Amino acid sequence: MKIVMAIIKPFKLEEVRDALTGIGVHGLTVTEVKGYGRQKGHTEIYRGAEYAVSFLPKLKIEVAVSADQVSKVVEAITASAKTGQIGDGKIFVLPIEHAVRIRTGETDADAL
Amino acid sequence: MTFKTWSRVGLPALLLATAFALPVLAQTAAPAADATTTAAAAAAAPTVNKGDVAWMLTSSLLVLMMAVPGLFLFYGGLLRAKNMLSMLMQVGYCVAIVGIIWVLYGYSLAFTGGSPFIGGFSKAFLSGVTLESLAATFSVGVAIPELVYVAFQMTFAMITPALIFGAFAERTKFTAVVLFVPLWVTFVYFPVAHMVWYWAGPDAIDAAAKAVAAAADGAAKTAAQAALDGVLADAGYIFSLGAIDFAGGTVVHINAGIAGLVACIMVGKRLGYGKEALSPHSLTLTMVGAALLWVGWFGFNAGSNLEANAVTSLAMMNTFIATCAAAISWMFVEWLVKGKPSMLGLASGIVAGLVAVTPPSGFAGIMGSLVLGLVVSPICFIFCTAIKNALGYDDALDVFGVHGVGGIVGAIATGILVSPALGGTGIFDYTTGAVASYDMATQVIAQLKGVGITVVWSGVGTAVILFIISVVVGLRPTTDVEREGLDINEHGERAYHS
Amino acid sequence: MTFKTWSRVGLPALLLATAFALPVLAQTAAPAADATTTAAAAAAAPTVNKGDVAWMLTSSLLVLMMAVPGLFLFYGGLLRAKNMLSMLMQVGYCVAIVGIIWVLYGYSLAFTGGSPFIGGFSKAFLSGVTLESLAATFSVGVAIPELVYVAFQMTFAMITPALIFGAFAERTKFTAVVLFVPLWVTFVYFPVAHMVWYWAGPDAIDAAAKAVAAAADGAAKTAAQAALDGVLADAGYIFSLGAIDFAGGTVVHINAGIAGLVACIMVGKRLGYGKEALSPHSLTLTMVGAALLWVGWFGFNAGSNLEANAVTSLAMMNTFIATCAAAISWMFVEWLVKGKPSMLGLASGIVAGLVAVTPPSGFAGIMGSLVLGLVVSPICFIFCTAIKNALGYDDALDVFGVHGVGGIVGAIATGILVSPALGGTGIFDYTTGAVASYDMATQVIAQLKGVGITVVWSGVGTAVILFIISVVVGLRPTTDVEREGLDINEHGERAYHS
Amino acid sequence: MTFKTWSRVGLPALLLATAFALPVLAQTAAPAADATTTAAAAAAAPTVNKGDVAWMLTSSLLVLMMAVPGLFLFYGGLLRAKNMLSMLMQVGYCVAIVGIIWVLYGYSLAFTGGSPFIGGFSKAFLSGVTLESLAATFSVGVAIPELVYVAFQMTFAMITPALIFGAFAERTKFTAVVLFVPLWVTFVYFPVAHMVWYWAGPDAIDAAAKAVAAAADGAAKTAAQAALDGVLADAGYIFSLGAIDFAGGTVVHINAGIAGLVACIMVGKRLGYGKEALSPHSLTLTMVGAALLWVGWFGFNAGSNLEANAVTSLAMMNTFIATCAAAISWMFVEWLVKGKPSMLGLASGIVAGLVAVTPPSGFAGIMGSLVLGLVVSPICFIFCTAIKNALGYDDALDVFGVHGVGGIVGAIATGILVSPALGGTGIFDYTTGAVASYDMATQVIAQLKGVGITVVWSGVGTAVILFIISVVVGLRPTTDVEREGLDINEHGERAYHS
Amino acid sequence: MKIVMAIIKPFKLEEVRDALTGIGVHGLTVTEVKGYGRQKGHTEIYRGAEYAVSFLPKLKIEVAVSADQVSKVVEAITASAKTGQIGDGKIFVLPIEHAVRIRTGETDADAL
Amino acid sequence: MKIVMAIIKPFKLEEVRDALTGIGVHGLTVTEVKGYGRQKGHTEIYRGAEYAVSFLPKLKIEVAVSADQVSKVVEAITASAKTGQIGDGKIFVLPIEHAVRIRTGETDADAL
């Protein structure tokens, strides 16, 4: 099993969710994060003070899937989250050793 | 940061320095007579009561409070956080620029005679408005200082264009708004205010009518009657048609509501409209704003009586009860139709009730207002839900659905509720000094004419203005700017940090 | 979304259309005399001063502002975000429905004669309340338009039940609240208001007293004395006992405080109470609400003088100083006892001071108010901390601890602070036209009786009403609904999105 | 939780119980004459108009609303969330403690005669201020109840020290603030208020001047003239210099602005200042606060006329227009210089305009106010950006840059704008009963003296007070406390939870 | 070493924390997240607009523990976070290769 | 490739970011979290109710880097995030199996 963790632009969430449910993935967890990268931020001005804001709002999506689904999931996210402009984000795949569904105690593939 | 641009700032200051040289308040320079006082001079000099002054000053502040912070909160809370400041900026700008325009030429255009459609420039720069000049109320022999009237009416002009912003919120360039406000008040608001509210005042009519009565023989009678006719003709077009509007249902709400409808169609839908959730970022702020609108609206409605007397308290009670009824009505309608009573529904009902009772507030009986409140909410509800969705325009904050529709309902209902048989006050006839005889059909038709003229004027005027602006600077920001939010892109700020 | 339910909406509208046919404001239909004006007719006709009208209109709005948005914010900020809208909804509903009830029959039940415990229906639908009818003030020969009085008193009725909601916040079904408000105002508020505040007024007493003095011989004297006794007897029960309450300590605060205590016990504790942190979601909102309550409370206290004169300014200063003192007192007490001065403590002190000074605001001297403020906070502090925790009831927002306890302290203190020897005004005797002789024990006992009757009436009434509601629709939502929040479940909304 | 500390609470209560024994309001004990009423007795007794009373009561509340919640929001929103409650606490504490001090001795120190620099203790505990005592207005023969004046002036004293807190926000110990406020009002505010505003009043001067005119022969003339000179000399030092300040530009804004500058330098910069982003946590709250300041400021400026007449409406219009102009001016200046018009800029312009128009609000013509508004914003803008950054002091919320600088601009401009040739009212001379002849240089020099004295008094006084406090309890919390936030550490609370 | 990452219902936090301290785990990190899964959301209605809200508030708990403690920790979380109703959440176990305590520079097991 | 995940004190963010860019790491993702550990919290008092608040505000930083950069990154974070006082936080290193840049589809090292 793997966790696919993607950093995306916030307004792409609905499209990514739809793409994932389209390929049969029915669970995911989303976190509001701030990203720092090549995409440049803004200058904010508050009366006398100017601040360069380099952290931009992004969403982190985490999807646990069985190993054989990983490439399909990565593709789905890539396709749906892409705008082609800098700051579209990254996808990372991490290994999971074990999974449990709290409600039932089912484990691993059954837990997803 | 460069300071070479500083030099440019001097220009407007210089321009105004010219105006500034006019000795507007120097008492020697003040013309002894203006339209109001000339007419009144024929009768006994009207008196000023400090109780009226106290109430009217308070009322002016209440109307200001409706705009800032009332509208800030009511509108702002319904937006996504990324566009919050853009609304505060637009409303704040609107209030400020209209204040300046008002004293430069707005008051003069709205409240001097001239044509039935627009006043003249005789009081531009408030020329001739001194500490001594008076404005008429609705009672013979009772006046208030003219500056009080200038201030009170100014607050109406300040808030009306700001109401429109709700319709095209979250997707309009600030530069477009900067141009829109001065154009719209000049070509739409001032004419409509003039058409609805400008008249010679009770003292002038009373004096002329008494002169007719006192005229000895036929020739004198004819002359006096001609004078009276002249005084009666010295009024705005819609006023002359017999349409009544106690506190601005046509001038403010229908006017802004129709402009909003036109504007939201011309500006186009928000990105993601109908697909993404465009959820309000703080319904708390919205409800606080609705509450402040409610409190402030008494300045609007009860203040429109221009005196602190029993009629003022009638306007207050009508405003209270129509609002209560509309809030309850919206709540139950939504509960029945949608399955849950929502707080935004309650807040919407409050505003719908306030809008609807604005034109009849000083004319209706209290039970009439109660019925009006119960009736207006379901109508607005249908427009804000079924009809808006069916027609597919993105009136973001339902300016048309609430202000436009509610204003039309109220304006028409005024023709009915003023009926003495329904507990209304009837319409006072200053030529006879008594309540005039009332015919419902006549009055409702007059009201419909008033509504119709306002709808057309506002609709056409707004469309032309926006078309010009769309050519000059454009209406919409880029997609990226809209996505990321107007605040950071247009104003360099974000509303919230932790 | 189905529109078939629309048809049901017509029913209430129809019912009201009947009432609507009453020509309530048509001046010909108005009864020439009501209780107030008949009595006054014997003396010279009382006069209306526009300064009084201006102040009373302003005061009515200030009290409205206490409820919306004052209470919205003060109470709402103390809740968890998931229940924020439920409070705004409940308070908004309460204000709206009470307004409707007030004009239908509430004003009539509270402020017409009949029995010492409750008025009658003679002014139902505001029948007979015209633009000409007057209401008495506390000065002989000075009146205000009756509609002003109707509006002012309405705002008191609107806010009082809303105060109770703080006690059972975050865990009560909206349907239960919907039923509670009309029942509670009808069976608890109107009777208590009638008992405390209804009287014949100064002009009636003055005229009757003068008739006694003028009566020529024994028989006439006896008759006149009987008439005077009749006028004096035409008053609410608690009023007749000699208990004084300038601005509603018993009617509003004790009444709501006791109802809150009963209600929070009957509804039961919030899930997680005493275990989880039920932290306020925005103390900022709470403090803004406390500030608006403070500002608005001057409408309550200084408005209760019904005139704009020196006594009004005394009530204002007393309200200022008691509040300042109570805020400082709570701050230091908490600093001493808990180790840190908290902002919520300061806010609580503000409200405790306002509550306590409500009954003596027009009677006490300013130094007396200062002492009252210093004293009330420690007492409320003990109730909100030690006693509440010891007894284990979940009075979520300390309605009992602040309004109930503070109201009782204030009501009793009024009997002391009114003493001329302590800088108070004494109690005016309209039969002699002078300040009456004062005995502290007598007055404090009268106050205690007023408190006692209110406690019992409110406690029993509230318990009965809630018991009935618990049987009919139930008081609590399901555990899941309570956990997830009332907003999303009962109203289909969430207060905040980003 | 220990209750053994309870015992200590009794002490202040006991102390006050002594004061409480003074029968301040008992009418028999009231001295029949005080400075105001003695003087007036020579002329016809002045009359009280309820319209004035209504307006002044309303104005007092408007000024209270500026502080709470106006300043809460305007200042609080600009802070980081972790320090929000500390500001609410400080402002709330300030308002409460100053209210208490005011009735104990503050009113007496500010508004009784004695020396040109400070009043005496003759009205300590409001001794002699009864329901009958009157305070003069600016019109001969017109008075208001003295308690109204006490309340109105109290609200000025309440807000002024709170303005200073913006300068040293986010990094000052609460205990330091607790000591600062009583010391500062006593040694800085009351003297400056006395110097600027204390005078014998129009009736006294008018009566004395009439006595001079009526005096039969040389000896009587000399005596009468001496009496008149005495009456004229019975005034504060800055007043005697001929400096005019309609609503408190020197007393409130320069005073607080200079104190803020001194304080922020003495307290030192915030941790991370100039390095980390110290972004405002809610510009929404800030703009709502600015709006409430605006609304409330009419109590300040228009209320300062002490009557509800045409001059009051002039003060209102001036306040409206200067503010509108300053808002627009700041917006465009920032747009030109920084490339974007920011909402905080608009809000800053609003406040700068309000500050600047405070001293000339009842003296200037409306076009003059417009120019003043356009001019003040660029000046304040330079101070809040270029100059502050260049000099490197951390005036966190620009108390000096907006209130100090704007106040100085306004105070000097008053000397110009009062000119009848520029549309101003001129200065009324009560000895002749007419507008005095005007010389711009003379008046501007008088204004500069007033500014200079206030700057020095406030600067020195504040420095001494803060030095003492820094020795006694220290000014700054530890680094850890400042990092984590004052709220959790000093008050045991956090403003927001979810 | 492993990281045990659990998605739970928000109101279960205190119980889970107590369960973990009960078995000697004294450090953890909590993130507010939004979860999408079998548990159905709500419909929110804002005047004319109805939105199906499918993302529900959840908390993500991350606990770094030595490999031998993993099963005890998983059990403790399962037991304390369970309500038996849909939406109780998941537990995932991920490998950690290295850990450092910033204050002291201690590494791996000593860092926890 | 690895993900370096660090829990730090909030006010250290700018310093850590600067330290990382200093060693050539130009992308990272930040999450607001609450931490429970040895560092003791506060007592909050709301009128009658006192709550011991044991969860303190922290920031979680996630940086994906190639395996050879890990130790440099860990050092940079340790150095810049350290105050020497309890609660400074932890660093955990997790394996990544795969990375994708959404905008371009580049993978693994090229994706960072």
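Labels for the chains are A, B, C, D, E and F, by order of writing; each one numbers its residues from 1.
The rule we apply is simple: a contact is a pair of C-beta atoms (placed from the backbone, for glycine too) under 8 Å apart; a residue touches a chain by one contact, two chains touch by 3 or more.
This one's a predicted model, so the numbers in the text were calculated from it and none came from an experiment.
Trainee: Smallest number of touch links from subunit A to reach subunit C?
Mentor: So the least number of steps between the two chains is 2.
Trainee: Once you count every C-beta pair in contact for both, which comes out on top, D-F or A-D?
Mentor: Looking at D-F and A-D side by side, A-D shows more C-beta contacts.
Trainee: Based only on mean CA positions, could you tell me how far subunit B sits from subunit E in angstrom?
Mentor: Taking the mean C-alpha position of each chain, the two centres sit 55 Å apart.
Trainee: Hey, how far is the Cα centre of subunit B from the one of subunit C, in Å?
Mentor: About 34 Å, centre to centre.
Trainee: Roughly how far is subunit C from subunit E, going centre to centre by Cα mean, in whole Å?
Mentor: Their C-alpha centroids are separated by 49 Å.
Trainee: I need the residues of subunit F touching at least two other chains; which ones are they?
Mentor: Residues 31-32, 44-46, 94-95 of subunit F touch two or more partner chains.
Trainee: Where does subunit D touch two or more other chains at once, residue-wise?
Mentor: Answer for subunit D, listing residues that touch two or more other chains: 49-52, 54-55, 58, 277, 279-280, 338, 340, 342, 344, 385, 492-494, 498.
Trainee: Just spell out which pairs of chains touch, all of them.
Mentor: By the stated definition, chains touch in these pairs: A-B, A-D, A-E, A-F, B-C, B-D, B-E, C-D, C-E, C-F, D-F, E-F.
Trainee: Name, in rising order, each residue of subunit D that touches subunit C in their complex.
Mentor: 1-3, 5-6, 8-9, 12-13, 16-17, 19-27, 48-55, 57-58, 60-61, 64-65, 68-69, 72-73, 76, 84-85, 88-89, 92-93, 95-100, 103, 125-126, 131-132, 145, 147-148, 150-151, 154, 174, 285, 487, 490-498
Trainee: Residue numbers of subunit C touching subunit E in their complex, please.
Mentor: Within the complex, subunit C touches subunit E at residues 272, 275-276, 483, 488-489, 492-494.
Trainee: Which stretch or stretches of subunit A touch subunit E in the complex?
Mentor: Interface residues on the subunit A side: 3, 17, 26-31, 64, 94-103, 105, 111-112.
Trainee: Of all residues in subunit E, which touch subunit B in the complex?
Mentor: 44-49, 51, 53
Trainee: Under the definition above, what is the set of subunit F residues touching subunit D in their complex?
Mentor: 11, 14, 42-46
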